[in-house]
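In the part that follows, the structures are each spelled out as structure tokens.
Two complexes come next, and they have one chain in common, subunit A, joined by subunit B in the first and subunit C in the second.
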Partner chain A sequence: MLFVAGVVQGIVLGIILALVTSGMTLIYRVTGIINFAHGALMAVAMYLAFDLQRSWGVDPLLSSLAIGPLMAIVGWTLFQVLIRPIRRRHHLLAIQVLLGLALVIEALLLMRYGADMRTAENVFSGRFTTVLGVGIELTRIVAFIVSVLGLTALGIALRRSDWGRRLRATAADEMAAHLVGISVTRVEAWTWGIGVAILGFVGPVLADVFKMTPDMGLRYTIVALMIVIIGGGRTMLGTIVGGLVVGLSETLGLLYLPGSYGGLMPYALLVLVLVVNPRATLAMVRGR
Partner chain B sequence: MLLELDAVSAGYGKIVVLHGVSLAVDGGECVAVLGSNNAGKSTLLRVISGLVAGRGGRVSFDGDDIGPDSPGRRVSRGLVQVPEGRHVFADLTVEENLLLGGLRLRSGARRRARLAEMYDTFPLVARLRHRQAGTLSGGEQQLVVIARGLMAEPKILMLDEPTLGLSPVAVDGVLDVLLGIRKAGTTMVVVEQNVQLCFDLCSRGYVLRQGRVVMAESMDRLSADGLKRAYFA
Partner chain C sequence: MTRVEYGACLVVLLGTLAPFWLGSYWLDIAFLTAMYAGIASAWNVAGGFSGTASFGHGLFFGIGAYTSGALFYHFGTSPWLGLVLGALLAALAGVLIAWCGVRYSIRGLSFAVLTLAFAEIAWMFVSTFEPLGASRGISLPPGAPGLASLQFPSARTSFLAGLAFLALCQAVAWTVHVTPLGFRFRAVRENEKAAQAMGINPVLVRVTAMALSGALTAIAGTIYAQYLLFLDPRTFFGPDVTIKVILFTLVGGIGSVWGPVIGAALLYPAGEWLRAAFGGQVPGLDILFYGSLVMVCCLTFPSGIVGTIGRLVGHAKRSPTPGAPAA
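Up next is the complex of A and B:
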């Protein structure tokens, strides 16, 4: 029974993390840049939902519909202002800029909200339900359903729409993309917009699942980066597999290993992946 | 003239590759660009398609100066290049590759109709439509990129080394396809090492050497002797 509980919790967590990571995968695949401000931007979306609830009592599930588009603009602007001027330079430059941005965001959040742990409760908060006999918070199930829908929509859009084909074509061969008439810069800007918009939609939903602290950003950036690496950084399916591996190893690790050693499980798995398949990471360092 | 280059120079970094190249292509013509390795043939096509910025001179298409246009804008004008080394979108299916080639045709219905035409013209490509393009053989990939270029209903189709690295059988297949395109009246510019193919296909030729045009003649006057002098002198 304990095992079933671990598996259910792990799958739920894994799929949520997969959606959180999908934006990082998209941006990496198309522009070859790892967004080290990914987690910090999710923190921004969550704190925005917290603010809207505290000031006007707007439910985070509702405010996510506004924060999503807002974060799309944030992502698009980030690309135009910070990334576009340096994207053909050494890739470490982009990492430095984004890490710097993450630290600035963290400091601003700390100034405005203090270091206390926060949550923004939604209409389902505080209630429990049972899945396969396992008790689980309803907000987690809601976040899980949102994640399944989000990943499905993203997968269909990538497969079936012109937008998705343009994006995959640019990721596959930039020169050929130019030659069929794709505006590569526009695709890159869109990808940043959508990659960050996903955080705007999912962040508020998670504002009662993950606890908010100003320094949460870097932690979730690392988690997402692990998922990208484990999943190979190329496909949505890989991202889902990576999310499940991290989610399951964390929950099962916490259940079966003494103390909080279980929390180290995903990191141990990451090391294992790097040892067993170093080529995957090598390909990532070289870009695309 | 449909396409006209007037004293165009271009290069990469400090290296100048093209020194004042002038060239003209009339509607319905097939023009060959010949020359040894490093003569600047591929750079010439890249300047025309906008991948490399010109550093002087003027490129005009259909009477307009297209110097400031992005590669995408040039494609929407109908200036389409099929790149060297095939460059299929490897992770995408053959059909997706073709659909992307037709982005210039705004309406979905027109694109579908063009796709059906391409499948009629290229039965082999039609059979491979659901395969991942990266898994095809070199000859098959070359047909896919040619069909992808044609999807845009180009006013000029520019081909960079369409037979490079292909087996003799595949070369024959590509030549047949190109002859068909020529017969249909599409204007073409062909950069090719395979001189025989240029003789079979084109009416006029330019010979480049070290970034300069050294000969510009009709193909029947570009004798083997003249070519030898141009390549080795």
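Up next is the complex of A and C:
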């Protein structure tokens, strides 16, 4: 019974984390840059939902529809202002710029909202439901359903739409994509927009699942990074597998290992994946 | 030495003497600046010279602090013995991580993530491991102040200890930079395959770099633990120190001997001043300052202060910095 509970909780957490990570995977695939401000940008989306609820009583599930497009503009702007000038330089440089951005975001959030832990409750908050006999918060289930829908939509868009074809072409071979008439810069800008917009849609939904603190960004960046690496950093399917591995190992680890040693499980798995399968490692600079 | 390096020496000398006139508050900050400068320099030996960038120097910092601290707390062992043991342990950890990285061809970003994973594992482990105080931490009993207990009675003496540590780091960094070892480091950083073709063993280079860097960082951990007299998993194993140190190094100039020191000496006191002056009304101003400064620096002068000054005075760079644009 305990095992079933762990598995259900793990799968729910894993799929949610997979959608959170999918933006990072997209950006890495297309531009070869790991977005170290990923978690911080998710914190921005969550705090925006918190603010909208506090000021005007807008339900986070509703405000996510507005925050998503807003974050798309943010992502597009970030690419144009910060990434575009330095994207052909050393890979550590882009990481530094994005880490700097994460610090700036953390500081601004601290100034505006203080260091207290916050949540933004939606219409489903405080209620429980049972799945396979396992009690689970309804907000988690809602976030899980949103994540499944989001991942499906993203998968279809990547497979079937023109935008998806351009994106995959650019990720596969930038030079060839350029030669067949794809504006690589525009694809990269759009990828940043979409990658950050995903956080805008999912962040408010998660505002009652994960607790908000101004310094949460780095933690979720690291989690997403682990998922990208465990999943191989190339495909959406890999990201989903990575998310499930991290979600399940953390939940089951916390259930069966004494104390909080279970929290170690995802990291141990990350080391194992890196050692067993070096091909999963991120390229230092993409071949171009 | 070049003109630039003489200039840097002068600045360091002035910066060293100034705090003595400014009172114990600034001496405290000067002590921490010296520690950060030393750790930044140690990070630079691995990340800047040999291109073995690590995000997990908190691991070494924590090993140094907890080895000496726990031995002192449980058995009353002299912190000096702890310092040496901690440095050796950290060097061993550095060797293992670097070997793991080369053996399984985990390079660049993935290697940085690997080091981060090890640091996080150590942090979580120490946070739950009872003999090391778990998440409550360990309060070290204050002993007789003096050199033997590495506990210093005044801000002045602790600043001197910080300076001694910084001098050690700079001596190591400078030695590595000018000896053939440094040329091997740079060769591996610029092109590992070409270096290997010329008979350089990249395993040996990366292992040496991480061992040196780790040992120096562990020494900083011991000194800082004896200064705080309190061991806490987040302070020592958490990622904060590593992030700050990388920021200082990048702003100062990655891959140069004095860059990390200059970066730390300029940024850390400025950040502390901001926190003291405005921290009451506007918390987080120092983080905002660090973050925006790093972004501006990376976008406008990616080779750091040292690299930019070097170019301005027309001094031909012998060793291109990894942050600089490829020709």
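One rule holds in what follows: the second predicted complex is superposed on the first by the 280 of 288 C-alpha atoms of A that agree within 3 Å, B and C clash if a C-alpha of one lies under 4 Å from a C-alpha of the other, contacts with A are read in each partner's own complex, and residues count from 1 in each chain.
By definition in this document, a residue touches a chain if its C-beta (ideal position, glycine included) is under 8 Å from a C-beta of that chain, and two chains touch if they have at least 3 such contacts.
Because the structure is predicted, anything quoted here is derived from the model rather than measured.
Contact comparison for subunit A: of subunit B and subunit C, C touches the greater number of residues. Contacts of A:L108 after superposition: subunit C is touched, whereas subunit B is not reached.
When both complexes are overlaid on chain A, the residue A:S125 reaches neither subunit B nor subunit C. Once chain A of one complex is fitted onto chain A of the other, the partner contacts of A:V275 are limited to subunit C, with no touch recorded for subunit B.
When both complexes are overlaid on chain A, the residue A:V180 reaches subunit B alone and has no touch with subunit C.
Using the contact criterion defined above for the overlaid structures, shared-chain residue A:R166 touches subunit B, although it does not reach subunit C. On subunit A, the patch touched by subunit B and the patch touched by subunit C do not overlap at any residue. The residues of subunit C lying in touch with subunit A in their complex are 53, 100, 104-110, 113-114, 116-118, 120-121, 124-125, 127-128, 239, 243, 246-247, 250, 254, 282-288, 290-295, 298-299, 302, 322-326.
Across the complex, subunit A is touched by residues 49-51, 70-72, 75-76, 80-83, 87-92, 96, 99-101, 103-104, 145, 148, 152 of subunit B.
Residues of subunit A that touch subunit B in their complex: 162, 165-166, 168-169, 171-173, 175-183, 234. Against subunit C, in their complex, subunit A makes its touches with residues 34, 82, 85-86, 88-93, 95-97, 99-108, 110-111, 114-115, 214, 218, 222, 225-226, 229, 259-261, 263-264, 267-268, 270-271, 274-275, 278, 281-285.
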